[in-house]
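Order of writing sets the chain letters: A, B and C. Residues in each chain are counted from 1.
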C-alpha cells in the first residue's frame, strides 16, 4: 500500500518535471452569470487546461447591487460577469462603481468588426473605448400567425401604417383578433424609437448629453397610432406575457406581434404554443416617411471583465471565447451577436422546421443592419422610468399620447439624477 | 448581625450594590455587545458617513443631505410611505381589535380554532409573501378572482393599478401580521379581571357596551403597542415594493419607499454617503416617537 | 353564556359575529389553502382550471423533480443554510435576551434606565434603516459573506429583551427574589435557579418571534451574503424566480424548467417549516403572552 502511494507520488513529481507547470499554476477565475450562461463558462473551463472557472449564479435584478457590495468589501469580486441588461455596462463603469475593464487594446479589430452592426454600441464608453462584448442581438422583428394571416386574406405589413390597417381589418366585427400587447415598457418604446422619437438618446459627439423629447412630432405620431389601435381593439391593453394574453394567443386570436429575435423560441413557441409551421418572421415595419426601418432592441446581454483582475489575459480570452466560439454559440438560447458564430446557430434555427417562412434567419440578419444607433447603455433605468410614467396609467385606460408629458418629466429627472446633461431639442 | 456599626453596614450595602451591578452587567453583556455592534455603532457610523464623500473620504459637510433632499423621488416616496403607514396602522387597529373582541365572545374551543386560522398567514413573510401575492393579484389564477372580475379587473396589471400599491402592501402587511396580534390581544383580553366583566354584565351592559366601555379601555395599552410597532415597521418598508419586479419589469417599483432610495444610492450608484444621509434622516421619526413615548407618556415605564 | 339576553337577540348577535368571523376565515385561509393546492398543479391547470382545483401527484412530482434539478438541488443547500442561520440566531438571541431582561427587571444599577431607553428605541427602529452601515461594519470586520456575520447581525433582538423584561417584572415579584436573596441566594444563582426554570413560556415566546424573524430574514441576508451557496431560503427563492423568469417570461430567454408551479413549490418550501412551528408552538406562545400580559 505504502509503496504504491510512493510510486504515485514519484510519478506525479515526474509529471511536474515533464510539463513544467501543473496544478498550482492553474489560473482561477471567479465568474458571475445567470444559470443559462453556466454552460458557456463550463465550455471555456473545459477548453483550457490552464484555467479553472468557478461559477456563481447571480440574478439579474441583483447583479449591480451585488457587485457594489463585493467591490466595497473587496472580497469575492468576480473576474468576469455576464450582464443580462445592457445598461449594467454603464452602471458599472462610473467613478463610484468602476468595475469594467477597458477592452479596446485587448480585443483585436477583426474580432470587433465581426459583431453585428450597432450591436457593440452599448459597450462603448463616452470616450469611445470598449468595455464589454455583446452576447446576443435582440432587435425587433415582426412575428405573425401565417395560417391566420392567409385565412383572413391579409398580407404582412411592411410599414407601421399598414400594420395599423391590417390590425384593424383583423379586429373588425369584434373578431377578438389582436396584433400586439402594449401595456409594457419595451413594446411601447419600440413604437416611439422606431419613429425616431428621442428618449434618452446619447448625442453622437457627446454621450454624456442625452436628448429627451417625448413630445416631439415623431413621438406623438407613434403614440397616436398606438392609441388608435387600442381603440379598434387591435392592440391589447395587457403585457405580452400576461396569462390573459397567452390565452388569446393559444386560442388563435393573435395575428402578429412585434417582438425581438428571442420571441420565436421563448415566447411564441413556448408561451403562445404556436404549432410547427405556423410562425412567420418578417422584417420590423418602417414608418411610411422613412427610407429604411429603424429597429429598436429588447435585451441582449453583454460580457465584461474586472479591471483589477489578477489574470487580465485569461479574462480577455474568456470574453472572446464565450462570444465568438462557434461550438458554444451553436446551441446558445438567443441569436449570437458575433456574426460568424451566429451562422451555425441560424442554420439550426431555420433547420428546426418550426418557422413558416423560408430564410427566417436571413431576415433576422437583414434586420440587424438597421439597428437603432441609440440603443446604448445608460446609467438610468429607462424601463423603470417608463413603467412608472406610462405603463400603469395606460393599463388602466389612459391614452398613450396623454402620458407623454409625464414621460418627458420622469425621463429628464431620472437622467439628471444619473448625472447626465439633458437637452430637449 | 447586631455587632456591626452603621458605617460597616453601609460599606457592606455598597459592596453588595456594586456586586449586584457587576453581576447585572455580566448578565447583560451579550445583549449589550450586540447592541453596540448592531445599533449604536451603525447609527453613529451612518451619521459620520453622511458628511463625507465616501469615495475619496473627503469631508463635504451637508452635500449628501442636499443631494438626498433634492432627489425628485424623495417627496413621492415619503408620500407613498405615509399613505401606506396610515392605511396599514388603521387596518391593524380596527381589524385586530374587532376580531379579537369577537373571538372573546366565543367559548374557548372554537375561538382557539378560528384564532389558529387567522394566525397561519403570518408564516408567510418576506419574499414568499410577495411571490404568493403576485399570484393572488392575478385574476387568472387567484382564488379571489371572482372579486376582481366583479370589479372588472381582468389581469394582474389592472388589479395592481386598481387596488394601488398602498392598499396592496397594507393588505399584505395586514394578512401577515394581524394574526399574531390577535393572539396577543386575545391574551390580554383573557387576562382581564373576570369580576369586572361579570359585574358589568349584571349591571345590564350589552356586548357592545361591554366591548367599547370596558374591554377596549382595558387593553388600550396593548393596542397602542401594536400601533407603534406597526408604524415603526411600516416606515421602513422595503421588501414588498422591491420584490414586485419578480413578476417582470412592468411591476418594478424601485423608488417607491424611502428605504429603497437609500438602497438605490448605495447599491446602484455606490454612493454610501447619500445613502447614509437618507438612513440618518429616516431615523429621526422613530427616535421622536420613542422619546415621546418614554418621556411624555406613561406608556413605557422604566422605573 | 349571555343568559340575560333574550333568546332571539342572542341568535342574531351570534349570527352577526359568526358571519364576520367566517368572512375573515375566508380572507385568511384561502391564500394558504390555494398555495398548497397549487403546488400540485401544472402551469396550464393553474390558468385554465378553477382556482382551487386539485392537481395530481404525478404533476407535483414532476414539478419537484424540476425544482430539484435547479443547480443540483440548490434549494436544499439554501434550506440547510436557513436552518444554520436560524438555529444560530435563535440560540444567540435567547442567550442574550433572557438574562438581559432578567437583570433589567430585577435589579437597580447605574445605566439601567439608559439601557431600557435604548432598547425601546432600537425596538422601534427596524434594522432596515441601518443595514447599510451594518454592512460596512461587517466588511471592516471581514464578516461579510460568512455564516457568523449573518448569525451575529440577526441575533440583536431588542423586542426579545422587552418581552423578557415585561415577563419578569410581572411574573416574578421582586419581593420573592429579595427574600430568596436573604436566604443566601446570590444574584447570579437566583437567575439560574429561580428565573430560568420559571422562564419556559418566555423562552418559547422569544424563540418563536426570533425564529419567525430569522427564517424570513431577507434584506439583511441579501446584503451580507453574496455567495449564492451561502444564501438562505427567502433570498434563494428570489434568485430562483429571478434567474428562471418563472413569474416573468420576459427574462425567460432560457431553457430552465422553472415555471410557476416550481415557484409555488419553492415558496411552499420556504413557508412550510414556519407553518409547522406555528402549529406546534401556538399553545406556548399564547401561554407566554398571557403570563406576560396578565398584569401588564
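Here, contacts are C-beta pairs under 8 Å (C-beta built on N, C-alpha and C of every residue); 3 or more make two chains touch, one makes a residue touch a chain.
Since we're looking at a predicted model, the values are computed, not measured.
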_Selected pair, greater C-beta contact count between B-C and A-C_ = B-C
*Per Cα centroids, the chain farthest from chain B*: A
*asked:* Using Cα averages as centroids, what's the distance between chain A and chain C in whole Å?
replied: 40
_Between chain C and chain B, distance of the C-alpha-averaged centres to the nearest whole Å_ = 14
*On chain A, where are the residues touching two or more other chains?*
61, 69, 72, 184, 241, 243, 247
_Which positions in chain C are in touch with at least two other chains?_
47, 136, 238, 242, 248-251
*Could you say which residues in chain B touch two or more other chains, in rising order?*
140-141, 245, 248-249, 263, 266, 272
*How about chain A: which of its residues touch chain B in the complex?*
61, 64-65, 68-69, 71-72, 91, 94-97, 183-186, 238-239, 241-245, 247, 381, 383-384, 387-388, 391-393, 395-396, 413, 417
_Parts of chain C lying in touch with chain A, wherever the complex brings them together_ = 47-48, 70-71, 135-136, 139, 142, 144-145, 222-223, 226-228, 238-239, 242-244, 248-256
_Interface residues, chain B side, partner chain C - complex_ = 17, 19-21, 23-28, 30-35, 37-43, 45-46, 49, 98-99, 102-103, 105-107, 114, 116-128, 131-132, 134-136, 140-145, 175, 179, 183-184, 186-188, 190-191, 201, 204, 206-207, 221-222, 228-229, 232-233, 235-236, 238-239, 243, 245-249, 259, 262-263, 266, 272, 275-276, 279, 282-283, 286-287, 289-291, 293-294, 300, 302
*For chain C, which residues count as touching chain B in their complex?*
1-2, 4-5, 13-14, 17, 20-21, 24-25, 27-35, 38, 46-47, 51-52, 92, 95-97, 99-100, 102-104, 107-110, 112-113, 115-130, 132-134, 136-137, 152-153, 155-156, 158, 161, 186-188, 191, 212, 216-219, 234-235, 237-238, 241-242, 247-251, 260, 263-264, 267, 270-271, 274-275, 277-279, 282, 285-286, 289-290, 292-296
*For the chain B and chain A complex, residues of the former touching the latter*: 55, 71-73, 138-141, 154-158, 160-162, 245, 248-255, 263, 266-272
